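Have a look at these structures, which come just after this line.
Both complexes shown next keep subunit A, but they swap its partner, so subunit B is in the first and subunit C is in the second.
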Partner chain A sequence: MTDMELLNWARGPALEWATIIFVVGVLVRFLEMSLLGRKPDLSEARASAAGGGWRTVWRRSIPAPGLVKQAPVVIYAGYAFHIGLLIALLFFAPHILLFKDVFGLSWPALPFFVVDAATVIAIVALLVLLVHRLVNPVRRFLSSWVDYLVWAVTFLPLLTGYLAYHRMILPYTEMLAYHMLSVALLLVVFPFTKLMHTFTIFVSRWYNGAVSGRKGVQL
Partner chain B sequence: MSALNMERGVKAMMEQIDAPIASYFNSCVHCGLCADACLFYTETGDPKYTPIHKVEPLRRVWKQEYTFWGKLMSTLGLSRRVTDADLDAWQELVYDSCTMCGRCSAVCPVGNDIAYMVRKVREGFAVSGHATEGLAEAAIRTVNIGSPMGIKAETLKKMVASEAKASGIEIELDKPGVEYLLMLSSAEIMQFHEFIGAVAKVMDHAGATWTISTEAFEATNTGIQIGSSDIARQLVQRVVDVAEKLGVKTVISPECGHAYIAIRWDGPNLIGRPYGFQVKHIVEVLDEFRAQGRLHFDDSKEDMKLTFHDPCQMVRRGGVVEQPRRLLDLCADNFTEMPDSGVWNWCCGGGGGVSTNERAEPLRLKVFSRKKSQLDSIGVKAMVTTCSNCRNMLEEGLEEYGMDMEVLSLTELLAEHLDDSKASKGAEA
Partner chain C sequence: MSKRPTVAEHLARQGVSRRAFLKFCAATASMMALPPGMAPAIAEALGQRRRPAVIWLSFQECTGCTESLTRSHSPTIESLIFDVISLDYHHTLQAAAGDAAEHHRERVQEEFAGEYLLIVDGSIPIADGGVYSTIAGMTNLQMLEESAKGAAAIVAVGSCAAFGGIPKANPNPTGAVSVADIIKDKPIINVSGCPPIPVVITGVLAHYLTFGTIPELDKLGRPTAFYGETIHDRCYRRPFYDQGKFAKSFDDAGARNGWCLYELGCKGPTTYNACATTKWNEGTSWPVESGHGCLGCSEPDFWDAGSFYKAVSMPISDLGKLGLAAAAAGAVAGVAVGLHNRHVKAGAKAAHKPLTADELEGDKS
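Entry: the complex of A and B
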């Protein structure tokens, strides 16, 4: 198989199947969740549940008082990784072309050097988080092989994307194929793991905030 | 423990799992920040006390029963079901090292309400016979006698009579048609009975009509702590029946955190219908009197440097945050907030049934070091609170650490500073 054939397979059937597994998987997970339902709360509300829900959806993006001091690595590297990843994913010109192709929507790209820096920041942050997971007693205690698998499938698209763009290590076409394959792997693993938090984080924050909101607690 | 009990335990957990629980387990990224929010971890440094780890049995049940992947794995025999031994191993984590204070729920970046999860996992533990002995015994006493400490109506009558005598105010028991029905925690009948006299003084001063029921006086709810909705429902129903029989407008939850959660927030959901009356924490009632201009104070404001300990269930989990501060402003001159006050306060260490669990005592006293460091940073002479369980725990903690500090009830402090000459007797607003 030539590099070109590999690339065509990666961005053709491989990505297509991965996307199907991703979409169906995520939908099934949401179906599983919503079928469980939730009993209505019969207590007399002091304030709006929905208000509290929406408040927590955004407010929880800011660390709780004292937390930055207690867990600086998780907070700083966590922010750096997520922001870096979002910039690389959403504001890299070729990615935007792909989104336009698939969804018909497009938006302005950021300059390459910004995306490049964001990618490096995300890669470094992920490495820091991996080391932290391995050496910090709480994080190591909580981690199973799935946490490391999830780390790896998140790391690979960033790394291969960076290497492909800079024509490093392997020829461009081959590296780009690996980039596509790593994305396919990420999509396949996604619905079965904590990567689901990408979507469910908003649901969880809303539920939590709604309970507090009813009681008039601002969290 | 029999296999049948275990089956019931798993079934109870299954019944507890709802959409929020599923979303919480889907969302957890194992970041471990809940550990940093939990005094059982910060004060011991032991990772096993990480809050989300405490609900691992519930996660396993959720995964095996309510996810496609988990079901497939268990059908193929590739995943292990939750066993008796698992629950034995987790008992200490679920009951001794969690007060359901909800600080983790307030910190979790993905928004997981871990205290809500602990409350639910306890249902499985309780029904399968894995609750701690102390709590189980307290629950039996509450169901059979009416109070976790085994206090009977006779004892209540005696205490009320002696408080009426001491305060010089008549307290009428079981009186229908009054505005308020006061509930009490066992501790307020036995150790802190001055609370009853203090309420009598305030009610008399504000010109409010009230009573205590000899049929249902116990406000605490062991069912909530042990994790038995059946017991919790029975206990709430007793209060509801009496309140509706007497035709009161408002039931007052006393200075007790979890009693407030039980009757105010969980109660209607337990009995399956809204109440025909309101439920307020005593501090809410006092603050309403304040707002209506029904409280008049003498000039002798407390000048001792003091602080306020926020009971988790009243404040972070209950939503009564500003009221105690407004009331303290009226009767204290030298009030200082602790660091991490209000909704960010640290638990006394004995909530959620931990105080009823003798085995947990050494751990509870160890983690009191968190409260100690909060207090050390402000150097106060007294700590005011609005939960008799906190009060007990704080006193024990202070003694353990050789700290010289008074622990006061806000209601009692307020009653002491009322100006009797300006009482609005009968002048109902």
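Entry: the complex of A and C
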């Protein structure tokens, strides 16, 4: 198989199948969760549920002071990684073209050097988090193979994307194909692992906040 | 073979001056990234060589490669190279026809066995016994196998001969394959492109004639002197890419300012060829300079890489539509799973039998 055949396969059938698995998987999991059914709360509300929900969505997006002291590596590297990833994913000109092609929406890109820096930050942060997970006995004990799988499928698109952009190690065509295939792998793994937090995080935060908010408890 | 004049003798007879010949050699040396000092050596080697026999086989092709080689203005290095070789068989250019032409090919193959150069353009259909393209009652496959036997080397000119090209495009009804898919025991030089740049064809021939060896090739069998770098990396519009300045349509301000054509589907980043440096029509211009993105014609399967107007970062297929269909299927599946879970829950509730304290005590005893 030539590099071009590999790239055509990655841009074609591989992404098609990954998209099908991703979309079906995410919807099934979401609907499964929402259709579980909850008992109606017949008590009188002490405060606004929605207010509590939004408050928690916001509050939990900011690290609690105690946590920063207790787990500085997780907090700092965690934020650095997520911000770096979002910049690289959403503001790299070729990525925006992809979103435009799929969703019909586009927005201005950031300069390449900004995206480049964000990618390096995300890669370094992920490496730090992996080392931290391996070195810290408690974290290592709590980690299962899925945690490492999730780490790997998130790391690979960042790494291959960086190497492709800088024409490093492999010819661009081949590296670009691996970049797209790593994204396809991420999409396939996504619905069945904790990567689902991308979609559920604010829903669950809102839910927790709303339940407490209704009872007059401010989280 | 001794009857054939040397190249120098032949050129002198054609009225080509020594100076013009040296100019050609110097241009060839620089084109192939050889030191300028090599020009006299090339002149020496080329001049003393007997004009080698060349058989040009045209299979599933459009004659665009021949057009590319011959259409250039005269006299150029492209036409000069034709004086250097003895083109013994070529459908479009030969005077003979029918049996006479075929007999001549056979005679050349016999007389210069092991010495002649075989040039192939066009892919070879192998489906259904190769019936989709025949010449003088022979399938292309038979003719290639017969002619390849005595060839010193084979040059696959154009993307069809090199990689299968457009005839091989999905769904490939004729079972088209490249020369290298069939011939395994001869040195093959792939000069890809649709068509290849004229000077690349002549440069490869000149290299072979001068050194008697095949040039350094990349992993797709293409000479690295011409296919060593991507269009994108040598493109004069590359600085605009780095600055994030893209033409959004073919007639916007960006396009008029010569900004990068990446967003309009330019395949320069994944295409290895020399267009950006040698240009076309005697260095007049080339596709990107004329305002259109690179099609990636010198790469395998360029016809199956989706729309020419979709950027390389875009998926080939319409993922938006596919995603909608998948979402509909996912919604149905999700509701089904949800209802099933409710059913299980209700079943468990119905099957639940409350235990009394007595029953528990009874269990104890």
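Here is the rule we go by: the second predicted complex is superposed on the first by the 219 of 219 C-alpha atoms of A that agree within 3 Å, B and C clash if a C-alpha of one lies under 4 Å from a C-alpha of the other, contacts with A are read in each partner's own complex, and residues count from 1 in each chain.
Just so it is clear, a contact is a pair of C-beta atoms (placed from the backbone, for glycine too) under 8 Å apart; a residue touches a chain by one contact, two chains touch by 3 or more.
Since the model is a prediction, treat every value here as computed from it, not as a measurement.
Applying the stated clash criterion after superposition on subunit A shows that subunit B and subunit C can sit side by side. By the touch criterion defined above, A:S43 reaches subunit B but does not reach subunit C.
Contacts of A:Y207 after superposition on the shared chain: subunit B is touched, whereas subunit C is not. Of the two partner chains placed by the overlay, neither subunit B nor subunit C lies in contact with A:L105. Of the two partner chains placed around the shared chain by superposition, subunit C is the only one that A:Y172 touches, whereas subunit B remains out of contact.
Once chain A of one complex is fitted onto chain A of the other, the partner contacts of A:T2 are limited to subunit C, with no touch recorded for subunit B.
Of the two partner chains placed around the shared chain by superposition, subunit C is the only one that A:L27 touches, whereas subunit B remains out of contact. In the superposed pair of complexes, A:V138 makes contact with subunit B only, with no contact to subunit C. In the superposed pair of complexes, A:P94 makes contact with subunit C only, with no contact to subunit B. Put simply, if you stand at the Cα centre of subunit A and look at the Cα centres of subunit B and subunit C, the angle between them is 170 degrees to the nearest 10.
Here the smallest spacing between CA atoms of subunit B and those of subunit C, following superposition, is 6 Å. Touched by subunit B in one complex and by subunit C in the other are residues 28-29, 32, 34, 36-37 of subunit A.
Subunit A makes touch with subunit C in their complex at residues 2-5, 7-8, 11-12, 15-16, 19-20, 22-32, 34-37, 93-95, 97-98, 101-104, 109, 111-112, 167, 172-173, 176.
Considering their complex, residues 28-29, 32-34, 36-39, 41-44, 46-47, 56-57, 60-61, 63-67, 70-71, 74, 78, 136-143, 147, 192, 194, 196-197, 200-201, 203-209, 211-212, 215-219 of subunit A touch subunit B.
On the side of subunit B, the complex with subunit A involves touching residues 17-24, 26-33, 35-37, 41-42, 45, 47-48, 50, 52-53, 66-69, 105-113, 116, 264-269, 272-275, 278, 315-319, 321, 340, 343-344.
Residues 163, 220, 230, 232-233, 242-244, 246, 262-263, 269-270, 296, 299-302, 304-306, 310-317, 319-320, 322-323, 326-327, 329-331, 333-335, 337-339, 341-342, 345 of subunit C are the ones touching subunit A in the complex.
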